[in-house]
Amino acid sequence: MHGFNIAQLLVDGVVAGSMYALMASGISLIWGTMRMLNFAHGEFYMIGGYTLFFALVALKVHPVIAVGLGLLMTFILGVVVERLIMRWLLLRAEWEMPTLVATLGLSVFMQNFALRTFGAGDLGLPYVVPGVFRVAGVVLPGQRIAIVLVAIVAFAAVWSILRYTKFGIAIRATSQDRDTAVLMGIDFPKVYMLTFGISVALAALAATMLAPIYSVNPWMGQRPMLKAFIVVVFGGLGSLEGAVLGGMALGIIESVGVAVVSSEWQDVIAFAILILVLWIRPQGLFGAKES
Amino acid sequence: MKLKSALIQITIATVLAALVPLVIHSEYALHVAVLALIFAVLAASWNLVSGYGGMFTFGHQAFFGLGAYVSALLAMHLGISTYLSIMIGTVFAMVAGVVICLPVLRLRGAPYIAIATLAFAEIVKLIADNLTSLTHGESGLAGIPPLSPIGAMTFSIADSRPYYYCALVLLAVTMVLVAAVLASPIGLAFGAIRDSQDAAESIGVDVTKYKVLLFMLSSALAGMAGGLFAHYVTVLTPSSILGIDVMVQIIAMALIGGLGTLFGPVVGAIILTVGLELLRSLGDYQLMLYGALLVIIIIVLPRGLSSLPMLIASAATKQPSLRGESWKHPIKQREP
Amino acid sequence: MAALLQLKEVTKAFGSLRVLDALDLEVDKGEIRGLIGPNGAGKTTLFNVIAGALRGDHGVITLDGSEITHFGSANRCRRGLARTFQVPKLFVGMTVLENAEVAALFGNPGHQSRSEAVARARWALNLAGIGELAGAKASVLTTGQRKMLELARAIATGAKLLLLDEVMAGLNPTELQHACDSLRALQTTGFTILMVEHVMQALMSLSHRVSVLFSGKIIMTDVPERVACDPRVIEAYLGKARGVA
Amino acid sequence: MALLELTGVEAGYAGVQVLWGVDLELREREIVALLGANGAGKTTVLRTISGIVKPWRGGISLQEQHLDGLSPREIVSRGVIHVPEGRHVFPRMSVVDNLRAGAYTERAWSHQRETLEDVYGLFPRLYERRSQFAGTLSGGEQQMLAIGRGLMARPKCLMIDEPSLGLAPKLVDAVLDLVIRIRDLGCTVLLVEQNAQRALEVAERAYVMEHGRILFAGASAAVAGDPAIRQAYLGL
């Protein structure tokens, strides 16, 4: 045909979508639990990327350990940031605007800190998972297969934590009705801290998977974060299922969209749809839950 | 603030500022001063929607950039007077303000408004990036004509002085306009909407009408500042005037001076532009400082420098904090 | 006497819960009408539907003979219906006088000068008994003063009908006395008042008639003495003893 | 011996005083009703006991140990549980997860299986609906769930705020019968009720509040016959 292979486009869309979903689910989890929007989410993603890079290149550790280090590093940083910055703001009567401003400031700070420390250059990484598979004309590099698998495992893990563990119950209870959760003896500041840590670690996971494909630089988190915003608005802020569905939808639409609209205009359309969705359904496309 | 005293203060400040070029002869220092004045207009215009209107937008750079690009392109391609092109750019920005205002009107909750306005600004930036035949994308639009001469006063890149006065006039006009609007019934409506939208509606304020008006006014002023900026620096790139960094600067300036105060954003713009220029040795650490400042201000001084005297006074008299409010476990209604 | 406010079969449901169930209500010109009912009876919803903060699903609301069912709250206010909020929603960035001034400027459909608005605002503050606070910041007021400022703001709109949502809750005895005096003065000035109140002594002594709202309907409207003795009302409030029913 | 004791408690919100010296005493294994009109301060009493509102003055003690000043979490772990007005179940969590959330403290979590069985024994209906979202339950079922969730913490003292609010008369009976059964299991119950007649039928003693003060206290029969209660509700 025109050189487009629909199956290939769909597969590419799922790969990209699973990463959008990882980013978006973190933003959504933070929103759902703490009622704040994290504008610095992309920078935690970046931290994950740099940690992976240095673990692989400087420490020369095994890729799995490197990914683990990336998650751990970001989790710890997230917990510290929540404890030192967000805690004070979230306990104020007026917290919406201050938390937005603080995360925005944090984002700019972290980005430029990385720029000063690591330089503006793109740091390339070898694929963690080598090899290319071909199935029925669809090209599948091992790294991309790994991405989808990791995303599935990550979602299963997060879902199970939320569903089955005591901490998961505490998160869900806090997000649905914080004031009542307090009456159960749930320590919501602790819930906030760990939720923030886990959420930004999810972003770092996405980064460690994508870094070999897109390279590491101080701005690497910006696009994924803006994309994740689109996803959470589509899926409804605070909904994990919405984040997954929205992420997949955006990935596939973008991938297939290349056949229709040239790639540089895709984001324009995506953002325009985002505004339109907010206009028509302020609670998001799938987010009918919050009345 | 009473209009009269506000006008007197604006006049005094303007006169004093007009004397600055007589004292400072360094071209470089004047250049910084011009930027400070332009950013002051920008911060003051954002303060209108956010500080006085209570709608925390994250896409104000879009109006600034629109005003700049439209005016620059018109002046370059049609050869019209730069003042006319700035006016047209201003109208463009104003129309854009109305367009983005419409979805924002339906949104309650700062995060939604932030996302919507940020998405809008990203659209404008992407358009500027992608319309390379017109804007040359990220390589930048160069060769923008300087401001057209006014009588004997001519403008060139080499001399910042005329621009200084031009920017000062724009700032003075902005301040007078803002002060006059705030002192009028419209200002009361704005205040009512900011403090309680429900109550404002319940006493007959047409909330939609005044929010649109606020957006129009604010985006028009930002567009005008953008136009002046374009014909001053004569080079535009999408990331330099349409990036999120610009928004961060605007927010930092307005916050450090004090949101919702008349002079706060202007003072903030001057402090940050000049102050960070003085710390030039820090070089590229500027943006890092902006980021850190935002975080620190919002935690320590959420009402900006303007609240500092009050804070000191209350600390000196050791006013007891509200009793019975447990800061450890505050129970508040937090519905989005 | 003609009805100033009339509700016909007004219904409002949240999901499957019918909070207002084909409710009828008439408030006559110049009266003080009390509205009582146990917790959860739907008083706040009824107030919001009358004021226009919520739209009813069904039914017709008329004010002074003209239908206002589909108007927003700003429009209803300009037609002569003003409300207070249970938890005062003041414009805390403004002075007391400015709070009332906004109401005078925007609540009134006719064009008026700034000085007229200020004069009307002062008049309203005096009626509510807080004239001497005109220059104070609204943010420093006590609970009682906040309630009275809400009242003054409603008065300043030039409304004919005032919907008062628990203006007396949280007042100390002196403030309570002042509030009662203010309301009586308002009634003699020609205002019509519909009030929800949990301070029963005040409500019973002020109201000409009292309507009882129970499970989404007005179950009776009568003079206070008879309402307080009515077995249906006592049952609605104190509950029914088992086996009696 | 007194299980829970309040002496001269004053409290309020953001500088507005609501409680003006409340004395109250609960003994082991009894049901006490706290009555009064809307806005009398009943809910604030419960919120002060559960630590959400810090008392300005006065003392609260559980078995002669101070409760005032402790965080809500510590108060819950000592066995004083507040079932809030309006039920406040977690709507998008299953019934069983709601119940498990109630067993959040260490002690209760380790016993959750047994407690869960006890609660299902008390509320067979909840067992039938255990995997349903709590938001899909009827009002009566939600009230049962809210109480059951409170029981999951294995309370010494259960404070139930307006359990009959918005329920049909038959359900009110069912809920109040349950209160008796809960007491019989060895739990002390503080019952805040709008439905005074009904509350007085199940309670041994009652306190009547007005304007943030205890107006009257005594055995249920005495309170029921006292004109003060009608005055507190209807202002006559």
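Letters A, B, C and D mark the chains as written, and numbering starts fresh at 1 in each.
The rule is simple: contacts are C-beta pairs under 8 Å (C-beta built on N, C-alpha and C of every residue); 3 or more make two chains touch, one makes a residue touch a chain.
Treat the numbers as computed from the prediction; the structure is a model and nothing was measured.
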| item | value |
| --- | --- |
| Most remote chain, CA-based centroid, reference being subunit A | C |
| Chain pair with the higher count of C-beta pairs in contact (A-D, A-B) | A-B |
| Averaged-CA centre spacing for the pair subunit B and subunit A, given as whole angstrom | 31 |
| Between subunit A and subunit D, centroid-to-centroid distance (C-alpha), Å | 42 |
| Separation of mean Cα positions, subunit C and subunit B [Å, integer] | 42 |
| Distance from subunit D to subunit B - Cα centre to Cα centre, in angstrom | 53 |
| Junction residues of subunit A - those touching two or more other chains | 179, 182 |
| Set of subunit C residues in contact with two or more other chains | none |
| Subunit D residues counted as touching two or more neighbouring chains | 52, 72 |
| Footprint of subunit B on subunit A - complex, ascending | 31, 35-37, 39, 85, 88-89, 91-93, 95-98, 100-102, 104-113, 115-116, 178-179, 182, 222, 226, 229-230, 233, 237, 264-265, 267-268, 271-272, 274-276, 278-279, 282, 290 |
| Complex contacts: residues of subunit C adjacent to subunit D | 17, 38-40, 143, 166, 169-170, 198-204, 228, 233-234, 237-242, 245 |
| In the complex, subunit C residues that touch subunit B | 51, 53, 72-75, 77-78, 82-83, 85, 89-94, 98, 101-103, 105-108, 114, 117, 153-154, 156-157 |
| Complex interface listing, subunit D residues touching subunit C | 16, 37-39, 139, 162, 164-166, 169, 172-173, 193-199, 201, 229-230, 233-236 |
| Of all residues in subunit A, those that touch subunit D in their complex | 166, 169-170, 172-173, 176-177, 179-187, 289 |
